[in-house]
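Beneath this line is the structure, given in structure tokens, with notes to follow.
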């Protein structure tokens, strides 16, 4: 099965072939023997071409991986997706550019705007306190504030939607 | 509920009473607050009367426990058992005094006897090699060898029955 | 000597203090919040007391609760660690009034040095040079702006009530001055319960170099050489080392003498740190004095062969310093890397979660002062410092090589950490070559971030192939469940709940 | 300098060697058996090669496979660690013939010193005293018995081909002599593939004291002081320390000189250890020379500030020793505790299983050279040594206090270990007071075992109450399952199997 590995600005074409416990990988660099053994949930000991690595799957959703501690964002496209892309199809997920959700759990101490306010990209939206540091969160895009889901003084979990700019 | 804790040569009478997350323990030493939180399977952080302990349940069958690393063999008898004992009842499990099973996994390198041989308590029965050490296993009781379940050169798991003396 | 010491702190510093107490035969009492029931310091201690809910303001900062525990446990002395109540004058006073020994300086010294404005004023009476700036906290922003213009931009706004970079701002021009003052005031109010800030001259190519001092109750004061702390981000130290690659023996001696004079000026007792800024012309200025144990104290321990917590305890017990200035020698080189639960690749945002795998480096000249274990949950309530990796070797190059080896060996799964960021700093040619100044991070940020995520084709294939296998495994396990689904639809829901839990 | 080193070993020593290699900028190659696919040394290495099934005879002892890996990986040098092939003359020769550097002494020196009988004969040519005994391996038991009677019982039977207490027996009288010889021969055949044994005088209150030596290829030989190794059980060292509480400066100098002479006598090159027995009258006798890195080498590293593996590598690279005898000084006191996967309370039977929880001690003066992690399976195939805890402090009392603190802090769940046994030894008044001899364990065994399991009523109640709660929890989870049983009998059996698994 053909795959493409996208990491940052590089794209590598590879061919994975399962052979018992091992994976045979063909790429521009030639043929490689690959073997991964799980040592903890999401953490693998990898030996590829006799080289030893520890690989952590840090987030399955965001495709974050670390190799020997080095963090990488990896996209793994299979033959079908590669073909679709060649046909000009965009990714299927709709990216809500104006949706600001918390990257960390913490306390929202101040919100600078009301629904209906116009904001420019980079303008402060709200303050959030986490681990004793105050974080100022800025508008990712210019637009009008459509929704504020949180009140000042509220504690939010990671991933909570806070403000939507339309 | 009344219990008796037997550890080595000591026997302590205690009364356990569940009170939410806490256990209230009454013993000769007075009333104590006891709270245990599991930190890994079989390992607990205990705070009793504000004193902090780490307790490991090392074997549920053999009632082996360790407190801050100190190994203990603990028998916990409930009121029913205490009463039965007072009535003169012995433990219900039949102890096969003559059954020798391996305490460690290893290789049986030599067996000194055949079925039907008479052996005296303390006489060598067989040799077992584990972790590069030769271990000589002796007869726990005097008697006649009734059964040998293993051949020389065989590898055995922990707990395998090897020789039975009748 | 004390029989029982209460450690009014958590995390790595609580464990570090408790280790020395136990070595001295002293029983240790832990206090903990609801979020810390199974924290390493609770498991380590002889006794442990719950003092309140997770937020520090309701637990570790509640000195009334802590004093109550000290009384109940019949504690002889309290060690405050760093942060929390360690520089709280009122706490030090209350402890002493309760007839319990406070392992730290007299409340008067904390008061003088804890308030940066008061400290400046006090230092102006000595020969120790101070950075030009306002002598009073800013009350009138207009007037402060005039002072700033006199000194010349850029200027630095700093919190009067605390340290660690919180409430600190550089102001480049008069335009953003008022706004920056307001922000700094808000931040320092929230961090220290004290919104006062002041301004001072911003130095050229400044080096942040501090001296460890020890003072007993009998008037003996010594210093234990310097720590170079110029590697900072967000005004927080990341890597410290000793000796400093910037100092020479003459400057070391001058600054050491100034540090001792500073301690004498406030009748200091205990372990303390005098921080200096040194500009590119090797002029040095008093910055502040930290009246407590410093995060980076192990650097000094490793080059001098001392145990600073043991010294603190002996001093608090009224003993005479066991060493004279001439007994202090520095052997080899030590470097500390702070390991934070932060995502360095995303502007050091705090990272929380369960530690799914842990391999702590060890071996010759390798020490880790931490408070973590595999399976421990890192919560968002406290400082994200997981611990400090300290490496020692006979010279700087070997110490850096050792630190690099140890950082590569260090594995913390399940959360993001600064391990690889520290490694990127240590591999950077400017740091390798030394000296470097406090602008190091800002100047080389882009290179560091690139280094952090630099990968070869090989590494990318490894990552991709592992992701592939991981997904295949997930697919496999969900398939085995769905095959069961076909025959027993009712039962499967319960199973799926289990998996999700 | 070498670019790539293959470490022909596993466990803590493989990791320890690899750490230094990486600090020196040398790539490391691991070899592993099928049982060690995810062992720490495999995860640490740059490259890793499978060399055979779990039994050592089919993997770590297969020098043909290891040489093949060395060729494939283009290794410059091989470090053998200790045990396995480290004292195998043929391996050393084959490595050298393959144009790969063997990091160890010349094959000739291994041959002379590796065979104890040959070593004795060689030492009889020098001024170094040796213990009276047979000069040839025992061939005729009758004749050997006569020699034993000449020397006087008790005598010691020892394996000619190896060390570590394997194949060793004390014989108290002529009656059990023949039987003991047979047993020792069998054991040493199995352990070293060499059944030859010899006998020697058994000394009064003997102390086992060894000297670390370093020799370069240019004729320089130095010693790095002694290690006291008299705490042994089953002739295996458990605790080692330096300085020895038994030696005085004069004896230290004499023995040091004898150690250097021993190394010179066999044209030694590299790191080695000369073991002596010292009787109660302070007479010392050459016991044997170990022609490799010793398990307890970190003790020497901590008091001398050296890295012995780095020295080995530099010597193998042809460099001149970086220090002279007069540069060697000993600072403070170091003690090592060996942590084995063994059940001390049951005659030290090996313990296998999965490490369910791990907390390794750390902090000031605390080092752990190990190769374990939480979740790792300890298999029955190899030496049960999990690692070595080494503590350093400014004097013996402080070092013992530190070791005791660290041992109390050390937690390994899921398997039995010697942690608490080591703690019992360190707490024992005879050990605390020092000196002690090699009979320490046999003499104080009962007290040590009592101390090991001594518990107060409080501890017993804690144990009992935890067991109670644990059972309640198990009951609860099995009840929730059995409630399902009532309605779906078929499904429940599968569940029960799951619980048992």
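Here the chain labels run A, B, C and D in written order, and each chain numbers its own residues starting at 1.
Following the convention adopted for this analysis, a residue touches a chain if its C-beta (ideal position, glycine included) is under 8 Å from a C-beta of that chain, and two chains touch if they have at least 3 such contacts.
Keep in mind it's a predicted model, so treat the numbers as computed, not measured.
Chemist: For the pairs A-D and B-D, output the one whose chains share more C-beta pairs in contact.
Modeler: Pair with the higher count of C-beta contacts: B-D.
Chemist: Nearest whole angstrom, what separates the Cα centre of subunit A from the Cα centre of subunit D?
Modeler: Once rounded, the distance between the two centres reads 47 Å.
Chemist: Taking each chain's centre as its mean C-alpha position, how far apart are subunit B and subunit D in Å?
Modeler: Roughly 30 Å separates the two chain centres.
Chemist: I'd like the Å distance between the centres of subunit C and subunit D, where a centre is the mean of that chain's Cα atoms.
Modeler: Centre-to-centre distance between subunit C and subunit D: 38 Å.
Chemist: If you average the CA atoms of subunit A and of subunit B, how far apart do the two points sit, in angstrom?
Modeler: Centres of subunit A and subunit B (C-alpha means) sit 51 Å apart.
Chemist: Listing for subunit C: what residues touch at least two other chains?
Modeler: Within subunit C, the residues that touch at least two other chains are 43-44, 357, 375, 408.
Chemist: For subunit A, jot down the residues that touch at least 2 other chains.
Modeler: Counting only residues that touch two or more other chains, subunit A contributes 39-40, 51, 54.
Chemist: Which pairs of chains touch each other in this structure?
Modeler: Every pair of chains meeting the touch criterion: A-C, A-D, B-C, B-D, C-D.
Chemist: What residues on subunit C touch subunit A, complex-wise?
Modeler: Where subunit C meets subunit A, its residues are 56, 166, 186-187, 190-191, 234, 345-346, 349-352, 356-357, 380-384, 408, 410-411, 413-414, 416, 419-420, 423, 452-455, 457-471, 473-474.
Chemist: Of all residues in subunit C, which touch subunit B in the complex?
Modeler: Against subunit B, subunit C makes touches at 30, 37-38, 42-49, 72-73, 375.
Chemist: Under the touch definition given earlier, write down the residues of subunit C that touch subunit D in their complex.
Modeler: Contact set of subunit C toward subunit D: 15-16, 19-20, 22-25, 40, 43-44, 298, 301, 305, 307, 331-332, 357-360, 362-370, 373-375, 394, 398, 401-402, 404-405, 408-409, 488, 491.
Chemist: So in the complex, the part of subunit A that touches subunit C is made up of which residues?
Modeler: Listed in rising order, the residues of subunit A that touch subunit C are 3, 5, 7-8, 10, 12, 14, 16, 23, 25, 27-29, 32, 34, 36, 38-44, 46, 48, 51, 53-58, 60, 63, 65, 67-72, 74, 76, 103-106, 109, 129-135, 158.
Chemist: Quick check on the complex: what are the subunit A residues that touch subunit D?
Modeler: Interface residues on subunit A, with respect to subunit D: 37, 39-40, 45, 47, 50-52, 54.
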